[in-house]
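Pasting the structures in now, so scroll down.
Presented sequentially are two complexes of chain A, the first with chain B as partner and the second with chain C.
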Partner chain A sequence: MKLRVNGEDRILDKPLSTVGQVLDHFGVPWVRAAVELNEDAVDPGLFDKTPVSDGDRIEIVSFVGGG
Partner chain B sequence: MSTAICDEDNVRFFKKGNLPEPHELEAIIFSRQPAAITALLKAACVGIAGAGGLGSVVAETLARSGVGKLVIADFDSVEPSNLNRQRYSLEQLGLPKVQALAENIRGFNPFVTVVALQERITFDNAGELFHGCSIVAECLDSATEKASIVSGFLKHMPQAKIVAASGLAGLGAGAAITARKIFSRLYLVGDLISDMADGAGLFASRVGIAASMQSHIIIRLLAGEDP
Partner chain C sequence: MKPLIIAGRQLKSRIFVGTGKYPSPRVLSDCLDAAGCELVTVALRRVNFSEPDPTLSAIDFDKYLVVPNTSGAKTAEEAVRLARLSRAASGLTWIKLEVTPDPVYLLPDPVDTLKAAEILVKEGFTVLPYMHADPTLARRLEEAGCAAVMPLGSPIGSARGIKTEEFIKIIIEQASVPVVVDAGLGLPSHAAQALELGADAVLVNTAIAVALDPVKMSHAFRLAVESAELALDAGPIEQQERASASSPLTGFLE
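Up next is the complex of A and B:
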């Protein structure tokens, strides 16, 4: 499966079917993530219900604390 | 120091404690900025989510630059542990941060309209609180709140640009803090890794660099630049 993640093409050995699975694959804790899928914001409550398909563009920010 | 006065110079004297008329005062305050850019900033409305180490600096910087309207939201009050980096004074301990910040701003630029909201910002209310803002700054403290409020802005403010911060704790190099455009409408300032949770602490100097970079992106966007 091929995804464009934060501007880089990534070939994944196993197919991933949801945004939540993509976050798990890259080790990003869901509660720290903000995600855009093909330039649309993904509701954090729907990470496990939002499907990803081959060729999708996904942008992920994993926030750290401090302000 | 001697200052030469030339033919045709416009010289004004002000008696200490007596301010000039408001329109004249405003013109003088902004005499070091190009008038066309000052006009763009004055016409703008910017939201600031959080009034701590980042937000108090962003609010002050934008107000000094003459952004016409600031909507500032934070549920918290001023505590002694804030004073190492946040722009408050001993007299303001216990006051809601948004109220203290509005007071501070009135003290140096009374021409800013400050909407001070003492409220907790959530994914659901983020769009409503900052309705009408063309740019919003994410200036919160906790990683999970940052993620959820930025997601809320992306979801509920489809026209707004978002300027967030992540990775500014500790005493790492100032120059490691960078600004990048990551999503179509999201700008991110920070080194992306220095986490407050690692015990590295928060310092006025480094938090201030991030806050100034956030402010600078916002001013550039308002001036029509593409940072």
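Up next is the complex of A and C:
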């Protein structure tokens, strides 16, 4: 399975079926993470219900220090 | 001073603190304590999977009102995109709107800031726009429904203080939303000056984070802000053209 995650192409041996599984795969805590799937923000309450498919573009963001 | 209320929420502390550039999460946490602040700002970035940013661990989201910014946005569209993601991540509708296409001075784009503000207000955000000290723009942002305006004193991180004083005074005179002087404050005296001009609050980041002793500097800013609040409540005297002797003008030796 191929996904473009945070601007990088990632080839995954094991297919992932939901946004929640993508977060888990990359070790990102769900709390205070936000995800964009093909440029649409995903409701955090639906991470485990939002399907991902081959070729999807995913942005995973979270808070950092800033002014 | 009249209470500081933004979007119906009263804030007792008039110093807002940015969370960028601290030497460690521990120092950041101690600085937030030392400032006695209630509102802190954060930025939104791509997660670095191999090296996650540790800043978040220093911020107690139950204790502080954490307001994400849209830093990095160069257009209204980018700012709106970041704001929507920030809302998803924080569950909060507050957003510090920044649209800064100029990489050298990080000056805000007034046209795209207003455009983004109009969209975000319609979507239910509590919008706090970073803006040039332009009274007309402040009025337009207020009319668009922004919850406060945040005019700059001087360029972000420049530590040059309030170079826009005359225009900030006009904004304060005309605004009916809170005025928060943001950007360029380098010394505690700059923060005190902002409040003495009539601003409702200040936002400080670099001056604290990059100081030799950030915690001590954070405390110094707190004292300056509290000092200005006390002074304003004490009723400052009017400026005069001529001297007015403090000592009696009688009983001189001959």
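Everything below uses one rule, namely that the second predicted complex is superposed on the first by the 63 of 67 C-alpha atoms of A that agree within 3 Å, B and C clash if a C-alpha of one lies under 4 Å from a C-alpha of the other, contacts with A are read in each partner's own complex, and residues count from 1 in each chain.
Keep in mind that, in the parts below, contacts are C-beta pairs under 8 Å (C-beta built on N, C-alpha and C of every residue); 3 or more make two chains touch, one makes a residue touch a chain.
The structure presented is a predicted model; accordingly, all values stated were derived computationally and were not measured.
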Query: When the two structures are laid over each other on chain A, do chain B and chain C clash or fit?
result: clash
Message: Just to be sure I read the superposition right, which of the two partners does A:A41 touch: chain B = first, chain C = second, or both, or neither?
response: both
Query: Which partner does A:M1 contact after superposing on A: first (chain B), second (chain C), both, neither?
result: neither
Query: Is A:L12 touching the first partner chain B, the second partner chain C, both, or neither of them?
result: neither
First (chain B), second (chain C), both or neither touched by A:G65: both
- prompt: Where does A:G27 make contact in the superposed view: on chain B (first), on chain C (second), on both, or on neither?
  reply: second
- prompt: For chain A, which residues belong to both interfaces, chain B and chain C?
  reply: 6, 32-36, 39, 41-44, 59, 61-67
Statement: chain A contacts chain B in the complex at 6, 31-36, 39, 41-45, 59, 61-67
- request: Name, in rising order, each residue of chain A that touches chain C in their complex.
  value: 6-7, 26-28, 32-36, 39, 41-44, 59-67
Of chain C, residues touching chain A in the complex: 18-22, 28, 41-47, 49, 52-53, 55-56, 61, 66, 68-69, 71, 81, 84-86, 88-91, 156-157, 203, 205-206
Statement: Per the touch rule, the chain B residues reaching chain A in their complex are 50, 52-55, 123, 139-144, 146-148, 150-151, 154-155, 164-169, 182-184, 186, 188, 190, 192-197, 202, 207
